[in-house]
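This structure is in structure tokens; I'll ask about it shortly.
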Amino acid sequence: MDRLQQITLEECDAAYGQWLSYGGQAPRYGGRLSRHVKDGNKGIERLKFDNSAVAMNLWNFLLTEEERLREARSAGKKLIGTMKDLGTLPVMVYAHPGLVAFYPDGAWWIPCLMDENDRLLEVADQLGVDGTFCPVRAMLAAFVTGDHFPAPDMLICSVGATCDDFSAIAQRVEGLGNPILWWELPHRRALGHDETGIELPGGACAAKDQIDFVKDEMTRIIRVMADTVGASVTDDMIVHGISEANKVRACLAELRLTIFTADIAPLPALELLVAEMMAIHFCSDRDEVLVVLSGLLELVQQRVAAGVGYLGPDSVRVFWINPVADLRVMNMLEECGGRICGTEYLFTHALDQIPTHIPPREALARMALADPMAGAAQDRARRICADIKRFGSEAVIISRIPGASHCALEGVVIKETIRSIFDIPVVEIEVPPVSDTFQASLRTRLSALIEIAKGQRKRK
Amino acid sequence: MTSAPSTERSRKKVIYSSPYIPAEWIAAHGLEPNRMACLSYDRSLFVSAPVNVEAGVCPYMRGFINQASSDTRVQAIILTTTCDQMRRGADLISLYSHIPCFLMHVPASWETSGVNRLFLRELERLGEFLVSLGGVKPQPDELAATMRTYDEKRKKLMAQQGMVSGKDFAQKLACFAETGNVTDGREQYVPGEKCIPVGFIGSPLTGNHFDLFDVFSEYGASVAFNATETGERVLPARFDLRRLKDEPMHVLAESYFSSFPDIGERPNNRIFMWMKDRVRDHHVRGVVLIRYMWCDKWHAEAQRFRESLSVPLLDIEIDGEQIGERTRNRIQAFMEGLR
Amino acid sequence: MACASHGSVVRGDSPAAYFQAQVSNSLDYIKLHKGHGARVVGIMCEYTPRELIMAAGGIPVCLCGGSGEMVEPAERVLPSNLCSLIKSTFGYSLEKSNPFLEMADLIVAETTCDGKKKMYELLGQQYPMHVLELPQKPDDPDAFAHWVRELMKLKIALEKRFSIVITDEKLRNAIRLMNRERKLKRGLAELMKCEVPPLTGRDLLDMKSLVACMPKDQLQYENALKTLPTRVQDTSAGQGVRVLLTGVPLPHGAERVMDIIEGHGGVVVCQENCSGIKPVLEDISEDAPDMIHAIAAKYFHLPCSVMTPNTKRMELLLQLSREYQAQCVIELVWRTCITYDVESACVKRLVEDEMNIPYLRIETDYAPSDSARIALRVQSLFETVSARGSSQESSLKGCCHD
């Protein structure tokens, strides 16, 4: 069995040069990763990468998003900043050829990628939104500095069953002069005594009146979008949009399944995290993201067939809950002997197939309500447990997002639920955007988790 | 349908945390509404089966849940989605407690008829929950009568504002929220000539923190208005008595939803305009933002209050404990700055 | 193409497009004629006899404020618990932002409600003003006689101010012109009697002119009367629950509630208010021997809530509800408008007991913060209407069984 090794940025550049000399065809956004360092993304110097050209495409695709947004604007397209719902609205927005959607929320990674040289967190501090808030506070600062994404033509944000810190930060964005179209996502409640529920993608259930309400909200968004940016999205367009989105989701689903069920990890945790993130708004190019992900899937399938991968078959299968603000921690997992075998990064609904047998607005409404954060923590925990069983995870990491209003209590519920069903170790860690001072303690905790899991393996 | 149970039968206490819950709706079902004023100081959640998590947990939520889950007279707990902490608190209650808990979705957005309808529907759903506890669904005229009673009481309560000290008024509000009773006014309060009027705004100010009024008084302030989440800001609008007979539920929903400005509504520009008016009308010279640790919604807007108000702002973070020395010093410095 | 303020796109040469530019059209007209020596007379109520002003060579222009933005400046002087219409009108004067007001050579006002009456005192300190005392007992001959005298005084005041003699011929001519305008407006209003009206209530409201007897306006009314009945129906326009809207007027800029009603499933088939059909129902005889008397009579008949008792309004509502086949009545009351507010109890009784259709009273002001609540109540009203309609239909079906 061949063991792959992750490579440094320098090694990436060298490999890239070699790959080109062998006749490799780079996409238009391709190039040496180090050029992104010159653009300010110093944080990537400290990351370790998958050693394939396909992975380089993935990183290049991610790190050129801002350029794509500016190109789209120059080409006359309208930029819609969709906030918080993580996966549903971009499906609708991309249905129109004149619109591009992106999540300004993604700015939360900028401090990590730019190694804090962006000063976004400092600017957020000056605005009174300090470190006790979720790292998405970088988004507020990004709107102020205007240095990262172009100012969107329209902002749409979900509220209601959403976390407080995001809601508060988004409100500050509006308070600084950026009008927002707010739409209500109701808390996905338990069904009443005589209520018939409708099953949502992902297995949760919602009351019909809640779905109807969200469907009306989708209609309202479409109407306001037409008035604001002059782009009317029809139901036929949405049907097509759903179909295209489902292709991306299907590809990701296959990618995840292949990775999680492989004997040895064919792709590092970090690249998988980045790939999953592509689901929510296609990294501002719905067509190209499919090319990138398909390439990744093909690579992974080839590696699995060839028995090639990272670490070995004895690496501990870890289920990871919540995304990390500092991407280095994903590398750290593998350094400690763990591999990703199950993920729940707060947007699993963006990975499920959108129903196509029902009217498109209702399909989107069901998708929105399937958001794991929209319902009880127990619902989220149940789905996590189902996946733990499906993928055979041996340990669970709950990564708390510092300052996030939901994490403290949600973690308790999820942990208790997992422990009540499985006899596997569960650890909660907190990962700030730049975790330098915590590296040692994080490493210790991850290592301990791996050891405990291995120990339990021996006992079984 | 029979009317409310006789007074001889002991009434079960239905605890709620949010000003969006209409007490009269609970009362009209024959149950006893109680918005607790004093909360537990215990630092772990669920005293009986402690869940040890402190970081990131709002002290108000913690105190509320601990108090509610340990009071033997509590028959049910009603929480709302107005904050994430309470929303997740409902998850914890269902995991660690046998007390029935109802989580009511209070829409954050307020500008569409859809969310107004949603709020009305949630009230109806709450009613179904109250019936499941043994309450009796009121007829429209019974509901209207209960609403009239509460409206009169609030009117009586508000008539005392300005006639009693800020602390006394806050205590009266708390008593009304807990028991539905309005205590009579004492002798008219006249702030000292040199007293500097200030206004409070922020998170719910519980009985645990009424000594803040004393501290401010000690340093020469009189609290002219209390716009915290337990203050007069969150009293519902007076009912339109002409519509009460025909559409009491609509009147109830309208008075409770979006009739008072709130920090968590989206957009929330109303509360800033409202505060400017209050500052002007009450001639206050300073505003005090009192917020719980981990309360993001108030915390995020501190700077915006500071920038939009024409008077200085003091931002106090409280953690559920007694007022510490540091806070006292800050209050003293603030008041000296106002002189 | 022009876009209607409420979102629909209209043809550039259509009456709708013309009236969307109403303010600029009126302004151009006024400037042109003022330049040729015409006098601009601001009016603020339907009790003001336009004929007298026109006979004096004046151009009557409506000055009623409909902008919520003008309320705040007004509140620096006026109490906040005053009707938005009054505050908005006054606010314009403080901000000097109503060009018609600034160009007015005279303002004619009436002692209708207390709020207006006292506001006029303040307005009169800045602009030349003539105030008519409106007696408020419509059935009292002495009250009417007083009204006639007030109009005589206005005639004299106009003659003196504008150095002109108001002859019978001029009066007759003015009556003829105004009758013509009223007839055209009645014709347009009557289009709403159709089962599926060719326009919405908002469309009709938009056609209410700011300037009396502007030739281009009248041309467009004629155009509309010719083209609308034969118009290929936009499937959404003109359909919905048939609403009789009564109560306070909706000046230009204050159409929010109309938009809410028609945006949530209703169509306002009849507007029984001063911005609707009420002032144009009655004409003045062109052959009347005493024209001042005839003018006074027509205007004195206007059933505003300031009148007591206001039985004519109840009769009118009953009549209109039948003619226009209203399925419900919505009464709009500007907050603190005491007269309409108190009278709404009678209207409610009339609608529910005699018309036997649902009634809804909406009390609001120019601030849009309660739009969502109003929309919900309107939707609930329409649901009630629909439910009644279904049960009536099924009971009718039941009746048809042999």
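For reference, chains read A, B and C in written order, and residue numbers begin at 1 within each chain.
Everything that follows uses one rule, which is that a residue touches a chain if its C-beta (ideal position, glycine included) is under 8 Å from a C-beta of that chain, and two chains touch if they have at least 3 such contacts.
Just so it is clear, the model here is predicted, and its values are computed rather than measured.
Within the contact network of the assembly, the step distance from chain A to chain C comes to 2. If you compare B-C with A-B, the chain pair joined by more contacting C-beta pairs is A-B. The most central chain, judged by the distance from its Cα centroid to the centroid of all protein Cα atoms shown, is B.
Set against the C-alpha centre of chain C, every other chain centre is closer than that of A.
Separating the centre of chain A from that of chain C, both taken as means of CA atoms, is a distance of 57 Å.
Put simply, the C-alpha centre of chain B and that of chain C have 45 angstrom between them.
One finds 37 Å separating the Cα centroids of chain A and chain B. Of all residues in chain B, those that touch two or more other chains are 111-112, 115. On chain B, the positions that touch chain C within their shared complex are 110-113, 115-117, 120, 240, 242-243, 247, 250, 254, 258, 270.
Looking at the complex, you find that chain A touches chain B at residues 127-129, 132-133, 157, 159-165, 167-172, 174-175, 180, 182-184, 186-187, 189, 192-193, 209, 213, 216-217, 220, 376-378, 400, 403-413, 416. Across the complex, chain B is touched by residues 264, 345, 361, 363, 369, 371-373, 375-380 of chain C.
Looking at the complex, you find that chain B touches chain A at residues 51, 53, 55-57, 81, 83-85, 87-92, 94-95, 103, 105, 107-109, 111-112, 114-115, 118, 121, 125, 128, 132, 264, 266-269, 294-297, 299-304, 306.
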